[in-house]
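Both of the next two complexes hold subunit A, though its partner changes from subunit B to subunit C.
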Partner chain A sequence: MQRLEFIGRFARNRGALIGAVLILVVALMALLAPLFFPVDPLRIVGQPELWPGEDPDFPLGTDSLGRDMLSMIVHGARATLLIGLFASAVATLIGVSVGATAGYFGGWIDEIAMRAAELFQTIPNLIFVLTIVVILGSTLANIVIAIGIVSWTPIARMTRAEFLALRDREFVQACRAMGMGDFRIIAGEILPNALPPVIVLSSLVVAGAILFESAVSFLGLGDPNVASWGRLVGDGRQLIRSSWYICAIPGVAIMITVLCLNLIGDGLNDALNPKLRDR
Partner chain B sequence: MVDRNRVTRRVFGAGVLATGLVGGAASGFAQGTPRRGGTLVATWGGGEPQACYVPAGGGSSPTFSSSKLFERLGNRAMDGQFQGELAESWKPAADFKSYIIKIRKGVKFHDGKDMTVDDVVYSISEIWKKYSAASALTDFTGVEAPDADTVVMTFSKPVPEFFFSSLLCGSVNYIVPKHVYAGSDPVTNPANNAPIATGPWKFKEWVRGSHFEYVKNENYWRKDMPYMDRLIIRYVRDPAGRAAAMEAGDIHIGVFNPVAPPDIKRLTATGKFVATPKGYEESVWSTTLECSMRNPVFAKREVRQAMFHAIDRNFLAKTIYYGYARPGTSPIYSPNKEFYTTDTFSTAFDPKKAAALLDAAGYPKKADGKRFAINLLAAGWFTENGKIGAYVKQALEDVGVAVNLSVPDRPTSIKRIYTDYDFDMAISNQANPSEPVPSTTQYFTTDGIKKGVPFRNANGYSNPEVDALVEKIKVETDPAKRKALVFQFQKIITTEAPLLPILELESITVASTRVQNHSNDPNYLAASWYDIWLAS
Partner chain C sequence: MSLLSLRDVHVRFNTAAGVVRAVNGVSLDLAVGETLGLVGESGCGKSTLGKAIMKLVPIAGGEILVEGIDIAPLDRKQLTDMRRKVQMIFQDPYGSLNPRSTVGRSVAQPMVLAGWTAEATATRVETLLRWVGLPTDAKQRYPHEFSGGQRQRIGIARALALSPRLIICDEPVSALDVSVRAQVINLLEDLKGEFGVSYLFISHDLSVVEHIADRVAVMYLGTLAEVGGRDQIWRSPQHPYTKALLAAAPVANPRLARTRPRTVLQGELPSPLDPPAGCPFHSRCPIAQDRCKAERPTLRPVGGGALAACHFV
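Moving on, here comes the complex of A and B:
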């Protein structure tokens, strides 16, 4: 019943509904990519720089080397979404752990954790990501880690704020009086109550991570063994005046996906925030 | 001698060949009476240098900026003839172990002091030997000036004349003023950023992040030269920005691929610009592929040959370089009139043969369809290298070799290829002059294996036969015999295939049709441009 109510509230935000449907389509595309395009998307299969529609075999045309754009877009959805989700998971894991510890214990632990967070926040994110990728090497896993490392701070601050607000509530004090351990209180009692805004933020981090990955790939530091959308945009950059579709198609895909993720974030906010319940 | 410490991004032209490149280039040469005065603004397809002059070379960027100020003893003309610049002539002794150089009289440095044999002796012993030509001058024993217009260079072994002439014309083997450099560390001498030299242009100002301003040298030894009053070298980071500046008339000439391929086409189509591949004959760039001898799979030469048989070089030239490249066939490049031969071992595109060679070498396909796995590194300083890497990966996978590709940025690529030797196969670039020793040979000889020195033998190939042959090439003074030895070298290297150029790249100069007397030197980026002028 409660779940239905949640979905209802989410769906009341039309934008969020559209976003969720489109993301579902993209996810489906990513899942079914090997079914439709069993050949490696980075294989050269035709004439280079065929425009969309020029050859029925390649509905979205081919890139500067003669690789099928449609196949790369579909397979790219996979890489792009995976990077987004995993990077967000890494950021959330770090952010919630740091934020919860800092907010719950306070004192010097809080001081250290928040100064560390500030340190990360003062370094320009993109430059930090590029530095980490250059040092660790351009593989998919390293890019995910790098994005996770720069994206955790807002989540940590949000979690800490929630914990600060909740840690002295009666129900927590009751738990303490019952002799419950710190870890059980944090994970079992406060965290579930602190989570809704964090989830909203995490969904936005997914969108941010996709943009980071695109920027990294655009600058030529992406994993060259993987077809991702950002890489396609980067490859097409040189030809922007003659064959602009090579940049434009993956660019639109990135834009739609990121927009949809933001809309979903809004929807989640509406659905999870009790104060807005009857707006 | 050609220094490649700093490799910069290049762009290549699309379809310019089709739009009257050759016809257009002709207008770059002298027409009518030279017009005097005016300011010429030039740029190149890379960024600002680390210093105006770098004694060791420092790459194409400082070579470009310093070569308008400094001069060499000799110069090579477009027809291949060597001619004197600050030297009037040079000739070998009977045993070829010493060379007598006659120095030009009446040459003054920009500060008014005369250039003397002392400056020449200083430049050779302190700058060439220690910095700009250190790897070429291994057998050099000394230099002295018996009289006021003669300098004698001596060597422990015979030195071929072509080698010696090439040395005198080496792109950064300049004559520097002794009174400025003596007693200082040439590398950190402040004059490197405001040089005093003998050339047609005098240093006036360096506005960092923007441009160099040079003015006419009124006391230049070539009478009534240069024609123009000022030469500005402007740096624009972005190729599209260079194209816009050229179109607006703010920049008159750009060397070494200044603008993006579609822009070359667009600019030449207006009839106001010409594009030419001339002026790069003594500095031909190539893309190389090499197999690390440190990986036991490449121990047999048949396996290395198979790697090259798997790759369609024509496809790379046509698709990735838009025709602005040719398949490489030999470690000596085809524009090299003296030493290039087609009598080499051919590793042309033939995937069936590649598969057969690998089967025979003891690497049959396993159950998963793979023979072995390798790490392929494509040096990321040119974006094209990454694309070549993507193609090579696919081509090798087609013959059953699993490939993990990485395309690191410039510093990481240099470190992984030339210091850490962290690759099984690598895609890199080199630029070589006609003289093969040491620029070309040091990629193949045992003494070329120098950990940490970029653009040397990184694959660890060591073959006593090649080492002995290169030693012979070094000292053979009979031009015909020397040529035969270099031919033999090419045959052995193409058969052994430790490293081969897969592409010879074509560089392009784009200039306004107003610019006259350009692209008239086989290494035009490093020429002094004393005779350039701007039509009204």
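Moving on, here comes the complex of A and C:
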């Protein structure tokens, strides 16, 4: 009943609906990639620099080495989406833990946590990500962790603000009055009420993470064994004057995905915003 | 032995503006099966006193004895026993239930925390909902599907869960429509008759307190002004503040309202950040003298079993 209502509110936002459908298509593409293109996408399969439409075997053409662009895009969706989701999960985990602790306990715990968050915020994000990746090494897991470490601060602030507003509400006092422990109150009582705006933020962090990963790969610091979209853009940059489509195709894929994620974030905001919700 | 004894209880809050003395040396006794009304104007510390008894606010000094055991120094684990004996009903029926929990989950929480089995808990939840007059299918529903009065019943069911001896009612009907108020008050009285539970009934609504309370304690600026039997207080209030408070309450009969003596208080409630020295009421008292500015009066017998904190009654 409540779930149906939620979907209805989400779907009322047309942009969000389109975004969700497109993301679903991308996700399906990523899931079914090995079915459509069983061959390793990084293998050379044809002539180099075939323009899209030039050869019917390669609808999106081939890159400078003669690899199938379409296969790389479809396989790249896997890496790109996974990086986005996991990096957002890492950021949400850190952000919610820090924000909930700071907001619930307050006092010096709050002071320390928020000063730490500010410390992270003062470092330029991209440079921070690059530094961590260079130190830890260019593997997929490290890139995910690096993006998570950079992106948790807004989530922590949002969670803290929600906890500050909720911790003195009477239902929380009622839980304290029956002797409930702090952890149980935080995780079982306050968190479900604090989560909606955090979910919105997390969906936007997915989009941000994809952009970070693209930037890292573009600069040549990505995982060399993974064909992410950012890496395709980076690989094509030497030929941008002659064969610009090599950069443009994965670039458009990134743009559409990020746009869709932002639209979904907007839709979630509309659907979850308690102010629009009738009592 | 009293069910609840307060001995010189103090509650202070540190704020940016200074120390707020919300409760400033309150001593009070509540007998088994008794309903004690705690009245006073907004900001006098009556709700804070209720929360102090539940250990929801830090206690700065004094003793809070529940069946003879001082709970003030106990930590959370040691308080388990007391939590079973003393429970609370909150003012705001919209805020006192978790909007994302079903009613069943909210009411079941005390049993879950006490380690009951799932079956026993489910049976108990149904029993509780029946006692407070809600349909048993209420437990699958969410608080927003209920009216204010129904929600307050849910809050009462939750407070009754572990058969407490004492329930602190913090303005339980203030947020309700007048038409629903009587139903909730009657429910509280029925439950008292059935289970022998005692109430500390905190309210600023004198008519409600007059109806439900056996004894009444009047609070002013964190201290008690007068304590006595309900009829005693209503018929012959001794403390000048009690007189003013009762005179300010509206009376339904206009002819009676015109003839009754009127004591109109001057000035504002002093800030609890900087309470007046001596008697806290001297700045607004119609019978104040120099002694009141220097010496703080203590509660002393004034006849009829009542106690009042005033030098001149």
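Following the convention adopted for this analysis, the second predicted complex is superposed on the first by the 276 of 279 C-alpha atoms of A that agree within 3 Å, B and C clash if a C-alpha of one lies under 4 Å from a C-alpha of the other, contacts with A are read in each partner's own complex, and residues count from 1 in each chain.
Heads up, the rule we're going with is that a contact is a pair of C-beta atoms (placed from the backbone, for glycine too) under 8 Å apart; a residue touches a chain by one contact, two chains touch by 3 or more.
Since the structure is predicted, the reported quantities are computational estimates derived from the model, not experimental observations.
S.K.: Judging by the criteria at the top, classify the pair subunit B and subunit C on subunit A as clash or fit.
M.R.: Fit.
S.K.: Return first, second, both or neither, reflecting whether A:59 touches subunit B, subunit C, both chains, or no partner chain.
M.R.: Neither partner.
S.K.: Under the stated touch criterion, which partner chain does A:171 make contact with: subunit B (first), subunit C (second), both, or neither?
M.R.: Only subunit C is touched by A:171; subunit B is not.
S.K.: Regarding the shared-chain residue A:193, is it in contact with subunit B (first), subunit C (second), both, or neither?
M.R.: In the superposition, A:193 touches subunit C alone.
S.K.: Just checking: does A:137 make contact with subunit B only, subunit C only, both, or neither of them? Give me first, second, both or neither.
M.R.: first
S.K.: One more residue to check, A:43. First (subunit B), second (subunit C), both or neither?
M.R.: first
S.K.: Answer with first, second, both or neither: which of subunit B and subunit C does A:242 touch in the superposed model?
M.R.: In the superposed model, A:242 contacts subunit B only, not subunit C.
S.K.: So, A:181: does it touch subunit B (first), subunit C (second), both, or neither?
M.R.: A:181 contacts subunit C only, not subunit B.
S.K.: Is A:124 contacted by the first partner subunit B, the second partner subunit C, both or neither?
M.R.: In the superposition, A:124 contacts neither subunit B nor subunit C.
S.K.: With subunit A as the corner point, what is the angle to subunit B and subunit C based on their C-alpha centres after superposing, as a multiple of 10 degrees?
M.R.: So the C-alpha centres give an angle of 140 degrees.
S.K.: What's the minimum Cα gap, in whole angstrom, linking subunit B and subunit C in the superposed view?
M.R.: 49 Å.
S.K.: Which positions of subunit A touch subunit B when the two form their complex?
M.R.: Those residues of subunit A that touch subunit B are 40, 42-44, 48, 64-66, 134, 137-138, 220-221, 224-225, 235, 238-239, 241-242.
S.K.: Residue numbers of subunit C touching subunit A in their complex, please.
M.R.: 51, 54, 56, 76, 79-80, 83, 87-88, 90-92, 94-101, 106, 109-110, 113, 142, 144, 155, 158
S.K.: Would you pull the subunit B residues touching subunit A in the complex into a rising list?
M.R.: 11, 14, 260-263, 266, 319-320, 378, 380, 383, 386-387, 389-391, 393-394, 404-409, 412
S.K.: For subunit A, which residues count as touching subunit C in their complex?
M.R.: Touch residues, subunit A against subunit C: 2, 169-171, 173-181, 189, 192-193, 279.
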